[in-house]
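After the structure tokens below, expect a handful of questions from me.
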Amino acid sequence: MRESLDPRGGEIRARSRAAALGQVFLSLNARGRAEFLRILAREFDLDPEEVSRAAEHLSRAADPLDKREARRELLAAVESPRAQILRRFNALPQGVKFLVDLRAELLHLARKEPVLGSLDDDLKAILTSWFDVDFLDLRRISWNTASGALLEKFMAYEAVHPVEDWEDLKNRLERDRRYFAFFHPRMPDEPLIFVEVALVKGMADNIQALLDPAAPVGDPEKADTAIFYSISNAQRGLAGISFGGFLIKQVVNLLVNELPELKTFATLSPVPGLRKWLESVLAGEGEVLRSTELKRIRLWTGSEEANRWILRCMEESLWRDDAEIEKEMKAILLRLAARYLAREKREGGRTVQHAARDPVAHFHLSNGARIERLIWAADTSTKGLAQSAGIMVNYLYDPKAIEENHEVYRSGGEVAVSSAVRSLLKG
Amino acid sequence: MRESLDPRGGEIRARSRAAALGQVFLSLNARGRAEFLRILAREFDLDPEEVSRAAEHLSRAADPLDKREARRELLAAVESPRAQILRRFNALPQGVKFLVDLRAELLHLARKEPVLGSLDDDLKAILTSWFDVDFLDLRRISWNTASGALLEKFMAYEAVHPVEDWEDLKNRLERDRRYFAFFHPRMPDEPLIFVEVALVKGMADNIQALLDPAAPVGDPEKADTAIFYSISNAQRGLAGISFGGFLIKQVVNLLVNELPELKTFATLSPVPGLRKWLESVLAGEGEVLRSTELKRIRLWTGSEEANRWILRCMEESLWRDDAEIEKEMKAILLRLAARYLAREKREGGRTVQHAARDPVAHFHLSNGARIERLIWAADTSTKGLAQSAGIMVNYLYDPKAIEENHEVYRSGGEVAVSSAVRSLLKG
Amino acid sequence: MRESLDPRGGEIRARSRAAALGQVFLSLNARGRAEFLRILAREFDLDPEEVSRAAEHLSRAADPLDKREARRELLAAVESPRAQILRRFNALPQGVKFLVDLRAELLHLARKEPVLGSLDDDLKAILTSWFDVDFLDLRRISWNTASGALLEKFMAYEAVHPVEDWEDLKNRLERDRRYFAFFHPRMPDEPLIFVEVALVKGMADNIQALLDPAAPVGDPEKADTAIFYSISNAQRGLAGISFGGFLIKQVVNLLVNELPELKTFATLSPVPGLRKWLESVLAGEGEVLRSTELKRIRLWTGSEEANRWILRCMEESLWRDDAEIEKEMKAILLRLAARYLAREKREGGRTVQHAARDPVAHFHLSNGARIERLIWAADTSTKGLAQSAGIMVNYLYDPKAIEENHEVYRSGGEVAVSSAVRSLLKG
Amino acid sequence: MRESLDPRGGEIRARSRAAALGQVFLSLNARGRAEFLRILAREFDLDPEEVSRAAEHLSRAADPLDKREARRELLAAVESPRAQILRRFNALPQGVKFLVDLRAELLHLARKEPVLGSLDDDLKAILTSWFDVDFLDLRRISWNTASGALLEKFMAYEAVHPVEDWEDLKNRLERDRRYFAFFHPRMPDEPLIFVEVALVKGMADNIQALLDPAAPVGDPEKADTAIFYSISNAQRGLAGISFGGFLIKQVVNLLVNELPELKTFATLSPVPGLRKWLESVLAGEGEVLRSTELKRIRLWTGSEEANRWILRCMEESLWRDDAEIEKEMKAILLRLAARYLAREKREGGRTVQHAARDPVAHFHLSNGARIERLIWAADTSTKGLAQSAGIMVNYLYDPKAIEENHEVYRSGGEVAVSSAVRSLLKG
């Protein structure tokens, strides 16, 4: 490592040595890599004394020339040697991908070792500069142009609705679908984030229907609604560097240009934290049910405690064959889901204040969407029931309202909702 | 400007506002732009107090978590608001080019206004990160693939041997020539730096012969020597961010692969500061001529003072029709040129110590070349005579010696020379 | 040649031998090539006896199977051995271009040697099949994408208004111009035919104004008229295989899609045969002038005979400084030009009946255009005066009328003209 | 149809009408299409009387000019109106593919209707000209560049060893495999023919081992042998227009350039007609077994007749668990297979004389390969057993012997074999 900082031989040699060092890292096992990162973190940090000295010079500098000199000294002092080494890893054949993957490992380790967290701060700063959103290419992915290798990656990286097989993927690339991804010019074979869109009539309300390969292919020219039904980050090493909002905005622009008939842009999204939250509130002290609900439930349950019964009902989908139970459960759960989405805030969030507790809700709300509709039995897959109690949400992106929605959410955590959702919340 | 820093509306809106601000800048006249930059420089700099506070926190931080927190605070404090604004200009349609051009203007203004110099420090830091050499594309330029628009730019950007016309350019792209340039993925139509190579037998010794469109085209397969006869930076806004050494190294690698017969890699370079330096030493106090030389010159000149006569001789190329005078002048000027190149150091160079006084010499020496040969009457163009007294130099890139040459030059200013040049220096 | 017909070694070997034979041809001088072609023409023609036999078999064949057999025999008999050899030249590295160039030479020689004309019939048949218009690529040529080598070819191939220099070419590729060419997939670097279009307001009436590099660049979005001001065949070896009509039609379609504001599609064309024809009628017996004209001319000329004076007047542009003379000449020459274009037929035309005498007129009329306007002093270049007496024509392509215009012209030679031109003809 | 021949409106209109006619054809059901083709065949054939007249003119023509005229008349007479219509279908959006698919249908119908066979002769002549092998692009297919849609087609078109699934296909595109296909520039998404190559050490002897996705990936740099293990025609409509030999030759050239270590080029091929032929000879009158074989077989079979027992043995793979039986069967079947491949000729072959009875053998032998080795139990898939009795063949392409092998096979049907195969034949 010291060698890749050695000024002798010039920058060209320093980069060669850094590349060799990178190859060493790649040849290590998990333990070796962790140790490598620890050394990098501990021994090549910035020097606080240098920083203090420079800061002092700056505060004392009187005329512009001195000030400039002091500023330079300061900027040099805060650029840690380890940051220089990290930058030079770019000289590896797939240097950018190397650093992104390195960060994925580093993030994992950093959870327990703050010193590695600090190293990650340096790496994140580099990647944030390199992955400036305006450097990225937005590419439409299609069955006719995307390579087998790339398609395979989309299957692997899908994070919302797992791709069953090649038929399933092909179906998501049909004429009435759109599939977009961001790429970095130096990682042309690696998507960074991607979004899947269905072009339909009216707002979609069931994910299984949407993904059914047997369903007839629609005419995109006749669609009035674009449903963003899946959005996945593909690189763990870019965690915290956010592209999603830009992706949605640019895709909306592209779609508007291509298909002027499209009037509505909305998502069909899971509520991944709902079940867990329901379990905690139903197990908690406060009363979440209304008296009329309690009365009806007692009729069915006999001795079983109402809250517990609801939990079991979800666990075992007891409503499946009983329309009356389903009606009850639907009313209760939609009401609670609305509360969860629109009222519950993330705990201990220092970076973002007033953030919605549900991560998907937070993502769309901070991008300026509003909660348009909650849909019962919209995702009856195992995952959909286990995480979201089968409920899905349409978040609506109304170009005219995006900015204000974003504003009120960011500044005070106020959540934009449709009148239907407002009724649920009041009800 | 404040608006493009406004956190309201999120990063997407902030970028839109920055883009709008960039459009405003583009619509201003020179005076307006200067004022724009002054405001940016003065009102959006970092806050020294914040920096001091953060530096203090850091020096006091005991456990790793506190230290990380303090480090973050510090990094946030040194990222000036104006740097944020500059980054966001990337949202302009040709954002990267915009910033490069902005810096060209800024550099010009900064010569007289230190506060703008300090703004340039921020901009340079951003561009240094974005123009990391490993992000660049090395492209071979050919008559059959380069567009008219691109070829036109190469004509305009040529800095060493001006391109006369399209025929001249076409001649530089012939079968026995190579032409390479670095490009940034976000400025695909703008070369950053480019190099022109002639594939010849033996080391070339005359630039007019090399550029003669009437000369027969050689067989590249039979060439044993690659002459780098012109290397030009194309973007003033990237001054101080250096790619030349990388370019030469990568081009050597490409040529070795393509044409294994190539054994020698050398330049045919001007000595742009020679005439000026000669004028100062000849007008100075010290005696630069030897007694035998003085004697012979007196024979020719009569009453005219020898040094002055030499100056006039260069001015008017008096040797043209007199073989004896030419012989005398050649001996004197080559000897002085060798001294200039190998011994004279740049004055007041704080950034680089022991730098050769001649900028072209410094460039090649710091890339690890050695001074192989000085050639009399190698560039008899008006510019060649006016700047270099008609003398050119072959700098030799010997792959086996590059690293050591670089090393001794960088560490102590020692200049690698061939035995022939050593004789000149001793003689 | 016999070897490249030799069935031994199979088709693969036969093609190799043909390629070798083609290399031999390329190494010959003009005389050797002519002899080569004569041998090919004489010794490798089809065998009339075989043809007769097959024709007889066919006429006698009764049941479908016999008929098919006889047909096959016939088709084999009419495929001459020399045609087979020609096809196999396709195995040369630039086989298609080789055959096109071969035909250019052949056509030249065939003017005097009918046996070579017959060889050309075979070659033309092959090229007609290979250059089926639906195999061609229509490419828009632009300064930003076309290579130096390609642009150079357009300069060389321009047949109507010679390109002065690179500035002139660049001007023809400006934002308010369009430049399209047909290419064959196996000759991607060689245009077949190309057309130059100016996007203007109102019908252009002066070619010098149109080509003036100093003229301001117009806004293509605001243009209402597309002027096809130059159309050139680039390959002499494709003479008689016609693409021009398809090119105009496809370009009109592209322009309509790109710029919906365009309402008028017309040419600004020379009248290349006018001067020659004027000279013959003015020197002939018939009286072409009216008595009032004669009277006025006599006033000016004194003893000189009126027709001869007109010829001299054209020769020396006598009207230049005399508005009265110009008025007279303009009236006379426009009237005669209208007659020439709309009434005069090509002599001895066996292939096309009723063809207009002027080749450019014939080209546009048979594509369905009408003669919209004759313009005085529209091309005052040396060439324009020498061939067209300075007069140019707007041929109008009115999508609604194209088919009928074509029809009446093709069937009976009737020429579509505007009412203004009709007045000229009557007047 | 008459309309698309109508000269009115010119070639441009005629093509539009032909395109419309093609759309009509596409909208018809199978019956309608057959009728369409019958009308085309019957009513738009050439006119034998015109042909006879032209043939007579040609035989009587004395001077070159008359001869040329008569030849033109003849060539015009043999170009049937239906051929003109077919050519004009090229104006359809996917015109070439349309004609190729049309021919696939036509060939199917023509088996029973000679008049359609004659129409096919015209269509085949057009496609033969358009699909001249030197127009084709040879493309290497790789997992990293080929699109999902294209890969899907390779799966569907594989004719030798069916592709199980995407994993199987990916395995065939691994680092130690090569996959090449010919494409026509106007059918860029449709392979015409493709070949699959394994880069191995020594001649491969088992197809299941070769295709095993679990087998380790080899190092292509270390391979000494290229095994062409599958070659498939992808377009039924190009039957009889042969590209296979060219494909093998070009692929050998590419591989030699890429991997100079490759010394041996051979196939691993099925013997698709073997089982059928064995069944007929074993059921026939002649004695194919030797007395020692008969004796041994009687010991095992008791009362069952030996030939019949062998048939049953193949049917039921009786040798599977009995080494002695396998040894016997292997000896008998390899001997008979060698006879089948090297001695048996196709019956009634008028077009090709002395053609080997086995189609795969004929393909490779006429391309100049020799029968190098017969391998027992080399393809134990259901198809391999059912068609080839599990036997496969290495055909060897020895660049030095290809031409002579081809020659003796084509001229007299003599089959090149290795000494090992010669022993089998003699034994």
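Assorted remarks:
The first chain written gets the first letter, and so on, giving A, B, C and D; residue counts start at 1 in each chain.
To be clear about the criterion, contacts are C-beta pairs under 8 Å (C-beta built on N, C-alpha and C of every residue); 3 or more make two chains touch, one makes a residue touch a chain.
All of these numbers come straight from a predicted model, not from anything done at the bench.
Put simply, the chain farthest from chain C by mean CA position is A.
Interface comparison, A-B against A-D: more C-beta pairs in contact at A-B. Centre-to-centre, using mean CA coordinates, chain A is 44 Å away from chain B.
Centroid to centroid, with C-alpha atoms defining each point, chain A and chain D lie 52 Å apart. Shown for chain B are the residues in touch with two or more other chains, of which there are none. Pairwise chain contacts in this structure: A-B, A-D, B-C, C-D. Put simply, chain D touches chain A in their complex at residues 142-149, 151-152, 166, 169-170, 173, 189. The residues of chain C lying in touch with chain D in their complex are 7-13, 15, 46, 48-49, 51-52, 54-56, 58-59, 63-65, 67-68, 71-72, 74-75, 78, 87, 90-91, 95, 113-115, 117-118, 121, 125-126, 129-130, 132-135, 185-186, 242, 245-246, 249, 366-368, 403, 406-407, 410-411.
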